[in-house]
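Read from first to last, the chains carry the letters A, B, C, D, E and F; within each, the first residue is number 1.
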Amino acid sequence: MIYITRRESFNAAHKLAREDWSLDKNTEVYGKCANPNWHGHNYQLYVTVKGEVNPETGFLVDLKWLKQLINVNVIDKVDHKNLNIDVDFMQGKLASTENLAIAIWDILKPLIAESDAELHSIKLYETENNFVEYLG
Amino acid sequence: MIYITRRESFNAAHKLAREDWSLDKNTEVYGKCANPNWHGHNYQLYVTVKGEVNPETGFLVDLKWLKQLINVNVIDKVDHKNLNIDVDFMQGKLASTENLAIAIWDILKPLIAESDAELHSIKLYETENNFVEYLG
Amino acid sequence: MIYITRRESFNAAHKLAREDWSLDKNTEVYGKCANPNWHGHNYQLYVTVKGEVNPETGFLVDLKWLKQLINVNVIDKVDHKNLNIDVDFMQGKLASTENLAIAIWDILKPLIAESDAELHSIKLYETENNFVEYLG
Amino acid sequence: MIYITRRESFNAAHKLAREDWSLDKNTEVYGKCANPNWHGHNYQLYVTVKGEVNPETGFLVDLKWLKQLINVNVIDKVDHKNLNIDVDFMQGKLASTENLAIAIWDILKPLIAESDAELHSIKLYETENNFVEYLG
Amino acid sequence: MIYITRRESFNAAHKLAREDWSLDKNTEVYGKCANPNWHGHNYQLYVTVKGEVNPETGFLVDLKWLKQLINVNVIDKVDHKNLNIDVDFMQGKLASTENLAIAIWDILKPLIAESDAELHSIKLYETENNFVEYLG
Amino acid sequence: MIYITRRESFNAAHKLAREDWSLDKNTEVYGKCANPNWHGHNYQLYVTVKGEVNPETGFLVDLKWLKQLINVNVIDKVDHKNLNIDVDFMQGKLASTENLAIAIWDILKPLIAESDAELHSIKLYETENNFVEYLG
């Protein structure tokens, strides 16, 4: 069993606010992250897959394939986007790093399962001081 | 003459778009940065001041003072904000890294001039791949 | 189950030396780390907690709360301090990164247990080349 | 149980190509990594060992010892070398990051077992965007 | 006058060796960098341009244009290549970081001069510990 | 004219305090940096030299020589040391980053002048947020 990780980045706007709560209530819970005019981040996404090394190629997976899979199915949908408004898979969810990591897992899990590898974890940095890891 | 630099960070939303241009024209010029629903970044700001070391204290400036000056006059106004909407000193300007760096220079230059040091440069990272430096 | 990590930093002096050993013996075991006049580091502390995402808030824990908990109970006690002399929870222990990580675990474990999350790991960087991880 | 990690670096040339495949076939599978005239990387190697803290020394292992063990047995054999040609333990293997990480594990596992610690993982960065982890 | 910088990366093999010197002489001068079977690096290239902000666009230069210019004229010619063998603009030159930075300057200087900006500097990292800067 | 930079690191203890001032006065001026029991840092030192590329070697300077020069004359004297007590060239000076950078300049300037290169700048990071640059 070996683990291989690919890092990709995206830049997005978001806010932390429930639509069914008042601005006061959202500010009480989410602080400055509830700013109604949005703020944003340079997110860093680490996708880790696991499996056996293919003795024919010496690879677990082809990283060009993994890079393209992540870009087409995740990065293109969130990069230079508003996570609350523009991103179909975040509709109806609070745009927290936790929920975003879980949503990315749900997208990539079945797609990677079609290869010889298996998705192991999604690690998502919101800033250099805060990050989330999800293992399913 | 010695140079001392303090790094601070802020997270903000913005878009690159002129209000007097159509979405098509803005997209032609600014690409995905013109997304009308905003995107955002973790900005890193490096403020460099220069001057002589004070022989009494061994300091050019007190970094606690410089840190507070930058936070009160810049960071508190841009962190978790929308650069186009929320920031008084960016009103009427395109929210490019260039214009933001120049605006920060204009704010800090006279304030630092009240100390024994002089503002030397504003360096502003939008991403780890893109940054601007302004020396007045 | 999701994992969320907060990074904090502190700058401290220490030495590696047992009081019941001679300087020669300490130098034999700990090398230049036994310098009786101390040396120091910029430590980086990563605190990882785990649990379920709260469906009401979209959060595992409020990072503002976690940040303050770490600062009040750990950082304020070690930052700009001498680990051997000034830090109550390191009294009578060798000031190794291993012992420091375990002591921080012992402090934070019960405090985080009062929230809906659970402490998962303490990761402590002494330099960019050396770090320790403790999972209890 | 505590985990301690030491980072070391090396700079090496390699190519991804099977000798029993044509250049066309190798290029089809490995892309530009199959360039017959080689390319290269600054590899970063993280060696993590685990065990109990020795109550006499406060150490899991002496990092000076671990550093030297890694340098003599791995770094000196790969640094400023061609992984395909110059490295005895990579002979007959495709020079992928996966295979290199496994080979380093096989070298270090028995050597570290002679101490009170046990090898836990080999993490090998080929670039800042791609890395492999092997846990045996 | 404002300065804007774009970072790009490439992975290449090289050796430091004069063809008119013996291996002994090359090893005496260049040490392990003279390994006849090559070694390699992850190079990081910082291209800094300077000029006035265009009041119509708020840009000094369009970074998408600068990124493409660097990629087509430099990165595509050196990435996953052997600097000594594969790179036309390094023929007949020792493949030192100094010579590579100067060659990249000579390529980009006239191309950037066709825009409203001017090339200011080429900064080239061979490792995180060694880099060269060239200002013409 | 080309510039080449070598990075080295050292770990040291220090405090900011004048011996002719009371603890109260030192704390008023230097804050927590005046802790009488010391604190410490992982310092990062960047030494930049400038000159012409030697057409025979393709080098400005031999980085192995520069590395050894910095290590013998600076790093060996400050690494794992107390800057206030153990370091001859800091005696009688406040151990600020400014004074330390200037002292390192004064040591290296004449030594580098014996080569074909000239010292251009000393850049010294005390933390990732604070650094000093001195150009003589």
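By our rule, contacts are C-beta pairs under 8 Å (C-beta built on N, C-alpha and C of every residue); 3 or more make two chains touch, one makes a residue touch a chain.
Quick caveat, the model's predicted, so the values are computed rather than measured.
Number of steps on the shortest path from chain A to chain F, with steps defined by chain touch: 2.
Of all chains, the one whose mean C-alpha position sits at the greatest distance from that of chain D is B. Annotation: 33 Å between the Cα-based centres of chain A and chain E. Taking each chain's centre as the mean of its C-alpha atoms, chain B lies 29 Å from chain E. Under the contact definition stated at the top, the residues of chain E that touch 2 or more other chains are 128.
Chain pairs recorded as touching, per the definition above, are A-B, A-C, A-D, B-E, B-F, C-D, C-F, D-E, E-F. In the complex of the two chains, the chain A residues touching chain C come out as 16, 29, 31, 93-99, 101-102, 128-135. Contact residues of chain F toward chain E in the complex are 1-8, 48, 53, 57-60, 62-64.
If you check the complex, the residues on chain A that touch chain B are 9, 11-14, 32-33, 35, 37-42, 79-82, 85-86, 127-128.
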